[in-house]
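The next block holds one structure in the form of structure tokens; read it before the comments.
Order of writing sets the labels: A, B, C, D and E. Residues in every chain begin at 1.
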Amino acid sequence: MLGSGLLQGLKVTAKNIAGSFHDPERLVTVEYPEQKTKLPENYRNFPFLVSENATDPMGTLRCVACQICEKECPPQCIYIEKSKDKKPDAAGKMQVYPAVFDIDTSVCMSCQICVEVCPFEAIKMDQVFEIATTDRFNALLLDRNQLAKPNSYYHQIHPTEAAEVDGRLLAERKAAEEKAKAAAAAAAAKAAAAAAAPKPVATPTATAGAPGAVAATVSVAKPATPPAAAPVSATPPAAAPAASPAQNAPASDGKAAP
Amino acid sequence: MNAMPGIFAAATGADSLLERWPILFRDTVAGFFPAPLQWLVGSLISILAIVAIFGGVFAALTLLERKMLGRVQNRPGPNRTGPFGLLQPIADGIKMLTKEDIVPRSADHLLHFLAPVALLAFSILTFAVIPFGRNLVPLELDAAVLYFFAAGAATELAIFMAGWASRNKFSLLAAMRALAQLISYELPLLLSFVPIIMLAGTLSMTGIIDQQAGWNFGFIPKWYIFTPWGFAAFAIFLVAALAESNRSPFDLPEAESELIAGHLTEYSGFKYALFFMAEYFGMIALSGMAITLFLGGWRAPLPFLEFIPSYLWFGAKLLGLLLLFIWIRGTFPRLRMDQLTRLAWKFLVPLALFNLGTAAFWSLTSGWSGPLQLARWGVAIALVVVPFVLLGRGLSRGVAPRTYRFA
Amino acid sequence: MSEPATDAPGLSDAERDELRRHGILLTKIEELVNLGRSKSVWPLQFGLACCAIEMIAASMARFDIARFGSEVFRPSPRQADLLIVSGTVTKKMAPQVVRLWNQMPEPKYCIAMGACAISGGPFKQGYNVLKGIDRFIPVDVYIPGCPPRPEALLHGLIQLQEQIRTAKSSGPKTTRHLRPGDCNYPVPEFGDRDLEPPANPAVWQPPQIVRSEKA
Amino acid sequence: MSNSGLEFPAPVGGSHVAAVHDPFHGDLLEVSMGPHHPSTHGVFRMMVTLDGETIVKLKPVFGYLHRNHEKLGENTSYLASMPYTDRLDYLNSMTNNWAYALAVEKLAGQPVPERAEYLRVILAELTRLLNHVCLAGFLLQDTGASGTPLMYAFREREKILDLFESLSGSRMMCNYQRFGGCRVDASPEWLAGAKHITDNFGRFLDEYEELITGNEILMARTQGVGALSPELAISAGITGPMLRATGVDYDLRKVDAYGVYSRFNFRVPLGDHGDTYDRYMIRVLEMRESITILQQALRDLPAGPIMDPKAKIRGFRPKAGEAYGRIEGPKGEIGFYLISDGSPNPYRYRVRPPSFVNLTVLEDMCLGQTIADAVIILGSVDIVLGEVDR
Amino acid sequence: METLEQIRDRLLARFPGAEVTLVTNPGAAAQHSLSLGLAHAAAMALFLRDDAELKLDYCSNVTGVDWPEKEIIESTKVSVPDPAGGPAKIVEQKTKRIQPGSLEVVYHLYSMAKKHGPVIIRLRTANRTDRANVPSLTPVWRSCEFQEREVFDLFGVKFDGHPDLRRILMWDEFTAHPMRKDYVEPDDYEWEPTPHGTVLDKAKAHYPPSALVAAAPAAPAHGAPTHAAPAPKEAPKP
């Protein structure tokens, strides 16, 4: 009969009108400024740099300016300039740090490839999305100070992921220390053997060329044996990083030189 | 003890204070003026009252429409400007007033300016004859219904003027559509109220309302909608009213998805607000007309509810009809142009003509009583339903839900 | 009213609060008009790319832009007061966007939604992509993100409403439509390789940032 | 009737509109349903020549969203192009990712573990639900139903988007698949959420069909409008629901049986008129089939790694050669044709977009119809400009 | 479906004058293709579509590929007789050869009737400049209409016999063919905050002359909030 379909349609809309007063399924609005939808843990917006502690974020950046993320970023919106001097990082090794680390949030497509390829867990995805501005040139080009956030903040927004990352870093550091200890013990044994050998040859004990003594355990590193854990600095072109980065297969760095 | 009903009667009777205060007010104010000016001041007051009240009803209607559409679509609608969004129409009004008014260089400036003014003038003219309350009839005409449709028919000219004057291809298409639609729906609109004139025997609104006084079986009011031919006429009138006021599913002239904004494409700021206001006034006027003809005007539906003043009943019925309009707008898609005119000429006009026959049969057999009464109702209902089903089948010949095969 | 009405003579803000406590509301016509304008911002129904889908999602039931009085997406530029540039503005589309902007009646506002509208975003190095719509038309609010969440759009809209509400009609920070000068933005032509002119100097003045040569 | 000197260029498709010459048909009205139009689904333009309201000539104009996807693809590495595929057909990012990953895996001969294949099927079918629900909503919006069906459709879409967001991190731009598997594993809570949504989707569809499918106005507006013959459809390379609406049985999930689709039993609905109503109904029936696939896939999702251990993220250099991989996207066959010369950047990176090719017959379907029909026919073709213009 | 060799032989049998060569695909996908001569291309395509055995009625994908001139250095081993009568030395001789560039159009054909495919055919133009013509296959498969127009627009391959050969993606006044390898984009690099490599070189054109003279001592990094033009820095050596 003509019009039966129309009446059915009216019935459905009537059900929705009536339902919107009592059934939460029929009134799904989240009144934004007052109520906010709970962001899932995996949510990502723009990257931020992880620093070890909150007191001195600039000093304890995990980033070692290896510029892998700058090369891999699809829209090329990261700009890094290495510092000339070095500073000790969490594990006590002397590392280069980024003098300039800019991310242009007006170009970034929040695809988290920089997080995926970073071998040092130095860059993670933030969850702040309320960043509407009226001035494009200054506010949207985030520099090092605006990007650096403490590890505690990282634990706050991505709890499970942060815990897993910290576990892996600790394991890695412990492994590095054991290897360093083993290497030191082997070096000490060889030195003792060499000392027991003919006396007259004075073993040259020049301090190692390696930049600065490895803080806690290793005594004077012999020039002969290369420093156990070669600092993973992707100084192009040939230095294949010994300690394979946690996440992905050893990357052959023969790729496009910067 | 019997004083109680007296007071009660005084407060509820036909001439209770609640009923007559508007007239008392008008006469006292007119009294201050010399005799020849009195009718002028009286009519000025009623004009001011109509424009003020229905201006407010228009503002509330825009808010009601947005909130009701919101409720249909599972969202609350505007609720941040003022408590529960009540100040939203005021904010819209202020913004529209202070908007720059752009007139395209190639437009016909005079017609472009006159179109909204004419549309609003014709829409307000139709309010002159609608009886809002027991003695709240602005203009007591004995050919009121004729006057109403004469004034209503002029709005087509204004819409075409708007479409033509803005020299824009989309508004030209919209103007052509508006003409075809409004003229082809003028006929079912008029034909649907002819049986009422036939049975009421008068063209004046108050006369028609008086015919619908009283209740049979004590609680069913003698409104025309509760007769088979009356219900059919009401349905036709409603569909035609939807088309006349360009409301969905007949909003072809102002079809957002095809013709950008139809004849309103080149109007900005306050002229656009005038168009908006004219459309809502047209809707209110047609609903008022439907109430007067079919729903017993300002009469109370049940005898013991007589104490509520008559204009409140008119307001309640008006609100009911407007909610029905908005509910229909939230549900149905839009018809195509040829389907629209085919619906008018091949479906509504024949049905309305059949309805004349059933109304004639109804008035001739008014004398039947007892078992003949049932026969009378049966034949009348058959005379309404059978042509509807036959014509309906003819209308939707090629259209049917389909079944699908699976590979 | 929160800002000190420095330029307006007469009542200072403290006095106005004092009067308000006594139930007397004092305001200037301009603030009333600004309040009305800010509460009923009608965007143009104009979407370019992925950000348009997020704009539509913002007008749907879950985020409901209607609460801000902006669910009326007017299709015709004549009745719209807000142009949300949501998506990549290509060089083939730029003249149309500027023409639409010119057709909108004053006072009009512009939101650059998403990385592409602000600076060409991920497609910045494309040969057919305009590096940001603020080369041709003035932008009031930039919303970064690719695409920004619907809540980010609502946050930008709230910021725009705040801007409109505190707009000044005189003094240094007069709103754009009251400033003297022609408010018609020149529409770029199609050249054989690029748009002529590639940018509108009246609107586009980037600061100079010098980057060093890198290995 | 002699041709009145008004030469109507014969449309390539061969369906002719006789040039009628009589005094009522005066000069034609050339209207540009231009890049800014409420119902062209983005920046798509149709130069329409109207005789009254009937369409006599319709020339589509593209390029307003040509974002040089392929040129950028040739200047960046394989991995860096993956997030760009999200922005091709920005309603279905998961199927775009899968098509690109499939093509690169075919190019490099990269195996994919079982669990990743199942996850890909689950996410592709969820994307199909999302796309078809959006289409039904936008089609009703074009017929003028003031947004109500679109609001119900987006209400369901938000639920699926929450699933994608909790898994991949972003609502619309998932960037989830890698060459040789997926990036993030689906947690048990996520799988439970997906199961809940799939089971309730059937109930929503019933209510949706009750509102729309029986509606006489919609049937009158869409039945018999924009009919397409099977021969023209095959010759014009139409794929997806639009092709199956004309009755041709060609669904890549059955023909190529890529991924693990051969393990699920599901049916492929076929129409027989090929008009707008059939295209709408085919998509509704496909949604019901997708629900059955989802339930089967969620039931027997195996455990195991989601990423092939030997797969390389950075420094990915496939051997010289070429490959064309294609999948059944919600809009039709989406394919990637890659030519590699051994360097980390592809030598030629070509996307075969379904909506761009499906638009070839837009003029043939619209000739003789009114301007209101052209809007619905365009809506039923289901185009997304990011993919049409690339 | 028959193997590509059988198809080639049947084509050669059917069109004696035509040249049909098999192009092997070294990659893992092993999707080999047939390169057709331009003279009989349209007729062969018609045959492929209407042949009862093949029935390739669906042309899924039309792609343009740009092969610019390539300098091929062939090192051929030449034995040079040692004048002092010693054993002949093997000397690597490098011969530089310019391989002429050409534009190629690749068609992926499938059969919807028999549900098999893909058969890939390639058409190469004579050169990249004046004789860049290829017979259009739109009369055979209607799906090539828009895709061929796109190849014409982005690569500059002129299709003879195409019903409506116009630009489809770029605006009509555009003169160049942007997808070619040697296309140079217009220069609008005023504001490039994160330039690398070629983008940095293009952005340099907009730097003030003072910045280009990189002699001044190292100034503090850009971090200055006002972005005033910081004094230039010389490049930190890697």
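One rule holds in what follows: a residue touches a chain if its C-beta (ideal position, glycine included) is under 8 Å from a C-beta of that chain, and two chains touch if they have at least 3 such contacts.
Quantities reported herein were computed from a predicted structural model and do not represent experimental measurements.
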When every step has to jump to a touching chain, what is the lowest number of steps that links subunit A to subunit C? 1
Determine, using the mean of C-alpha atoms as each chain's centre, which chain is farthest from subunit A. B
Please indicate which chain is farthest from subunit E, where distance is taken between mean Cα coordinates of the chains. B
What chain lies closest to the overall centre, CA atoms only? D
Counting C-beta pairs in contact, which comes out ahead: A-E or B-C? B-C
Round to the nearest whole Å and give the separation of the Cα centres of subunit A and subunit B. 67
Whole-Å distance, C-alpha centre of subunit C to that of subunit D, is 33
Can you work out the whole-Å distance between the CA centroids of subunit B and subunit D? 44
Centre distance in Å when subunit D and subunit E are each reduced to the mean of their C-alpha atoms: 28
Hunt down the residues of subunit C that sit against at least two other chains at once, touch-wise. 45, 60-62, 64, 67, 75, 92, 119, 122, 125, 127-128, 146, 149, 206-207, 211-212, 214-215
Show the residues in subunit D shared as contacts by 2 or more other chains, in ascending order. 37-38, 63, 66, 68, 71, 83-84, 87, 148, 151-152, 155, 158, 173, 211, 214-217, 219, 389
Please output the residue numbers of subunit E that touch at least 2 other chains, ranges allowed. 169-171, 178, 191, 193, 195-196, 199, 222, 227, 236, 238
Which chains touch, pair by pair? A-B, A-C, A-D, A-E, B-C, B-D, C-D, C-E, D-E
In their complex, what parts of subunit E are in touch with subunit A? 191, 193-197, 199, 221-223, 225-227, 236, 238
Using the touch rule from the top, collect the residues of subunit C that touch subunit A in their complex. 61-64, 67, 112, 115, 118-122, 124-125, 132, 134, 139-146, 148-149, 151-152, 154-156, 158-159, 163, 206-207, 211-212, 214-215
Residues of subunit D defined as touching subunit C within the complex: 34-38, 42-43, 63-69, 71-72, 75, 83-84, 87, 90-91, 150-151, 154-155, 157-158, 171-173, 385-386, 389
Could you pull out which subunit D residues touch subunit A in their complex? 76-77, 79-84, 86-87, 148, 152, 155, 158, 162, 165-170, 173, 175, 183-184, 207, 210-212, 214-217, 219, 310, 312-315, 344
Subunit A residues within the subunit C interface of the complex: 28-33, 36-37, 45-46, 74-76, 79, 81, 104-110, 129-134, 136-137, 139-140, 257-258
